[in-house]
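Chain naming follows the written order as A, B, C and D, and within any one chain the residues start at number 1.
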Amino acid sequence: MDLFLAQLLNGCALGALYGLFGIGFGLVFATMGILNAAQGAYASWAAIIAMYAIELAGLPFPLAALAGIAAGGAVAVLVDQLGFEPLRRFGPGNHQAAMLGALITSIAFWIMLDSAAGLMTGQQSLAFPPGSYPATVFQIGPLLLPAMQAVSLLALAVVGGGMHWLNTRTRFGAAMRAVGWDPVAAALGGVNSRVIVVATAGLAGGISGLAGILAGISTANISAGLGQGLMLKGFAAVVVGGYDDIRGTAIAGLLLGVLEVFCAQYLSSSWRDAFAYALLLGFLMLRPRGLFGGGGFTRA
Amino acid sequence: MLSISQLKASYGAITAVRGIDIEVPRGTLVALLGANGAGKSTTLRAVAGIHRPITGSIRLDGAEISRLKLHQVVRRGLAFVPEGRMVVAPLSVEENLTLSSYAGRGDQAALLARVYALFPRLAERRKQTAGLMSGGEQQMLAIGRALMTAPAMLVLDEPSMGLAPAIVDVVFDAIAALHRQGQSILLVEQNAAIALGVCDFAYVMKRGEIVASGKPETLRDSAEIAEAYLG
Amino acid sequence: MSDLLEDLWAAYASTLGFAMVNAFFALATYATLSAGILSFAAVTYGAAGGFLGAQLLLNTTLPLPLIFLASALAGLVMAMIVAALFLRLESHWMALSSLALVLITRVVVLNTPGLTGGVNGLSLPAPLSMIWLVALLALAVFGFWLLDRSWYGIAAKSVREDPSVAACLGIDPRRIQLIAMAVSGLAGGLGGVLMAMMLQFVSPDTFFIHVAFTMIAGVVLGGSHHWFGPVLGAAVFTALPTVMQAVVPDLQDIANGAALLLIMIFLPRGLLDPRAIRLRRAAK
Amino acid sequence: MTFRSTLAALALAAGFAAPALALDAGTYKVGFVTDNTGPLAFAGTSFTRGAELAAEQISGGGYMAVGAKIELVQKEGAGDAARSIQSYNQLIADRNVIATACCILSPIAGAIKPIALNNKVPLVIYGATAPGLPSLPFVYSVTGLPGPAEVAMSKHIAEVAKPKTVAYFVLSDNEAFQGRFKASQAAMEAAGAKTLGVVSVLSADTDFTAAATQAIALKPDLMMVYTTQSPAAGIIAAVRARGWAGLMSANDAISPLAVFKKIGPPLAGVPFPVNFSADASETPKAKGFIEAYTAKFGAAPDLYSAQGYTAIWLIAQGLKSLPGKPSREALATALNKITELEHDVYGGLPMTNGQAGTRYTLFLNWTPDGKIAAWKP
């Protein structure tokens, strides 16, 4: 029973990272209709920058994390404005062409950013200097809760809750959804879609960056490949949760994490990913709108 | 209020608007009539900043707006109700309306009250998802959204299109009411009869040119109207 | 002089070979894209053809043409399964599902070592002769050219532009897309066995996400509105790393990405764009 | 060139005991497929640097013959089979390339091997460890097969620490590590240490909290880690972070300094078997290598650097024994005759049927301050 609870906690902490990354990934997909292959690189970059902020600039952990998040956001904005903005002149009338073009430019950025990240880390897998981040382990009854697991869970709760509130309760959220639906329709209300798009890209990059930093600490692995693992599972979380549903993504992320850990503990670690992806496929087939099933509008 | 002069616009090699002049004085309701493909919608898209014109000037209260983008035009005080409504389907009625706070024009609460007074139907369905409403309700919402930006100039593109006759009456009653309150309006309409019933002045377009203009009572039975629609 | 030519051939024959093999995957991707479906599933068809072909090569004495045929059919069967499952989904979800399928393919390949050799893959001491490759590619390209000129080609174009308009013209979009997926499966399955023979081994990594991404990129790069675009795009995409290695060895990956980005921004319809060609002809 | 041959003629005339037939002065190209980018770059860069240093020392030191040099021609394989094959083909298309070296991953080595055999080019494999890769007279491996070192360490641990129960971490999708694990497990069981459980992890895994929890719950006397570098580091860090202080052992993957930099003190006291370490290898040749490497690259060599270095020295030893301007086939035949490497950093490297063996295994561990020292329980 203790083992079950301990693994449940481990699964949730792992899933929190998937959910967090997925929220960033889903934001870009829901708002801009872009399947962004470069999203994983934002996580790698944020983790690398945060690590160097501690190692070279000597910043304390919270500031370094902020620097990493800002870097993730900045890279995301850069990718958006250099890689996606030129393609938006296709206009809303030609969605498939625009989506396809953006997928390709995002692949181009993925190649470039990953390769540059490899140069920044000297092709090594690095880690935050020991002792530079909270490393206490809390004892809760029979359970051990390392501080970073608590931070991951907290981050998912805060970011997930905050983004859900922002998306559904604020005028910025409404503007984001409006731009995602149709930039011209949003502009009819006076919304400058370019500002919203840049802000959304930055937000998405920052959130994925935060996921990257937390993953980099809890796995003691900061490298160019950090983001790719997050991306595959984050992508699954987005689809299972419903791509425009932040609550759904967060919960689906937790679910995937728990599923993964339980499969490894009780079934077979080699079929572990098969369960995750089979769940993903099942949702695509049976509940393509995700856990909570959103409205169901097709774009024009 | 709005003055368009020597406006020329094209799609690639096809010239859709060939140098037209239109004047909408303050407080008037001016109609732009013509058959399908006459160039009316292109003219409006140019005015709204969605389609970039080749030459010509578009002035709002004396200020040039022909090089502005749609959201900038809206923020200057020209609101646009496009053909096909273009409401934001996944948003609720009220969210669609309050998007306009981005235009930064006027007291939002007062504007919202005014829109709900004009269209009580919208007030009833304020939490309703816009995409699930009927065409007539969506048209009301599109007009409401335009009004939420406290426009100096309201531009409507084919507001009667695809609506049941009873709803068309409701929409045009509202347009007439706005006109009475002193709202400057440019109305593009295929249904000449109904447009001529509410406007102060009308232009008739054919193949990208203005072929006639005048007061509704003089145009109503003119040969130009008949020819513009038939030929 | 002939020595020089011989050396050049020795150095770049394998690049040319991979370019031609990649052309099959690009054509498989193009087949669905030209009917309006963004699908990454060509990788899965490739895995079906590749592993089946490898097993036949290792355990039977079947003549090569039969092995090629069997592999193409394996791709076709896989494509029909995918069609049955995914074709009813709308385009966004179709793209996501096919991506999920690529992930699942890898897990299945890893965990069925009896069929696929598992993580170690299968070694194939059966080098592929260039003549076969050229002949099969010529055949495939000829097939696509024929399709493009047939009623199917016209119907596919209209489905891609607007399925509802196509439906009004009496074209059943589902039927067109089903044919598109069948063609994709055949090309992908054949590409799979050719890739296995070219590499002389197959492993789970042979058919994974990077193949999906590079092939989509190859198609769009070459031109997704013309049957020869994918072949051209695959060639450029295969040769690019080799060229970049010679020019900027330290930054070759960054240079690859930058080249892809620039082409997409300045030639968004790809290197080979029938519309631009028509316009240029019209201008003359 | 003429100056050098004149010198050689003079030397002969002066009656020096020069070999009657010697390798021609000149440059001998060695093709080297690098993995400096891609998933294996962390090790790939070390292999390349070791090889570069070897080529430089051989060329400068007149090891083979006066004026004979080795030029390393590098092409990137990026850990990708298709790219490695293309690079390899480009390398051997140059007729002046007399020998080649490649490959960290066994499947890629397996794909390159037939090309070397078909083209009759000597190929020295520097990283991949799948059994059966060497194929005389063309394909050689300078990396010892997995197993013997792990067995030796297992016996040593069983003797000094006397664990009764063991839990193993194994990379289930890597055959080489499966092999190491099985050999070690057999040795431990023979010594009476029961297997409590095997925790499987995958190469691509990064989060080991759950795996650590699973192993700790088994309450073993000893945990043995048979995975590649990143998972091994992650597993040890995760187990220690959860407060388990019992005995853990690992393998040579954790010997590079980068691993200690990453994990820090939790790595201390974990024994691993290795045949080369910059801190512990003490033969004169090893010391010379470590000194020259540190001077050239500003960092100490790791086991990968040593393997890259060894690969090139093996080729040089083959060339040295040949007269005139040898062909690829002649070099292959010469390599075939080598039974012991002359210039090795391991304190002895026997070659049997093209496969390098190990004569000495060091049992080392990290100290809490980041030094490598002999392991004492």
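In the analysis below, contacts are C-beta pairs under 8 Å (C-beta built on N, C-alpha and C of every residue); 3 or more make two chains touch, one makes a residue touch a chain.
Computed from a prediction, not measured in an experiment: that's the story for all the values here.
Asker: Can you list every chain that touches subunit B and also touches subunit D?
Answerer: A
Asker: Quick one: point me to the chain whose Cα centre is farthest from that of subunit C.
Answerer: B
Asker: Between C-D and A-C, flag the pair that has more C-beta pairs in contact.
Answerer: Between A-C and C-D, contacts are more numerous in A-C.
Asker: Please report how many Å separate the Cα centroid of subunit B from that of subunit C, as a whole number.
Answerer: 49
Asker: Taking the mean of the C-alpha atoms as each chain's centre, how many Å separate subunit C from subunit D?
Answerer: Those two chain centres are 38 Å apart.
Asker: Report the inter-chain centroid distance for subunit A and subunit C in whole angstrom, where each centroid is the mean of the CA atoms.
Answerer: So the centroids are 30 Å from each other.
Asker: Between subunit A and subunit B, what's the gap in Å when you average each chain's C-alpha atoms?
Answerer: Between these chains, centre-to-centre, one finds 42 Å.
Asker: By residue number and range, which residues of subunit D touch two or more other chains?
Answerer: 37, 173
Asker: Mind pulling the subunit C residues that touch 2 or more other chains?
Answerer: 110, 253, in rising order.
Asker: Check each residue of subunit B and list the ones that touch at least two other chains.
Answerer: Residues of subunit B never touch two or more of the other chains.
Asker: For this entry, which pairs of chains touch?
Answerer: Going through each pair of chains, those in contact are A-B, A-C, A-D, C-D.
Asker: Help me check something: in the complex, which residues belonging to subunit C touch subunit A?
Answerer: 33, 36, 38, 85, 89-93, 95-97, 99-101, 103-104, 107-108, 110-111, 213-214, 216-217, 220-221, 224, 251, 253-254, 256-258, 260-261, 264-265, 268
Asker: How about subunit A: which of its residues touch subunit B in the complex?
Answerer: Contacts found on subunit A: 171, 174-175, 177-178, 181-182, 184-193, 244, 294-295, 297.
Asker: In the complex of these two chains, what residues of subunit A are touching subunit C?
Answerer: 33, 35, 37, 82-83, 86-87, 90, 96-97, 99-101, 103-105, 107-112, 114-116, 118, 232, 235-236, 239, 270-271, 273-274, 277-278, 280-281, 284-285, 288, 298
Asker: Can you list the residues on subunit B that touch subunit A in the complex?
Answerer: Contact set of subunit B toward subunit A: 50, 69-72, 74-75, 79-82, 86-91, 95-96, 98-105, 129, 131, 142, 145-146, 148-149.
Asker: Going by the contact rule set out above, which residues of subunit C touch subunit D in the complex?
Answerer: Interface residues on subunit C, with respect to subunit D: 7-15, 18, 110, 118-121, 123, 125, 127, 198-201, 203, 205-206, 241-242, 245, 249, 252-253.
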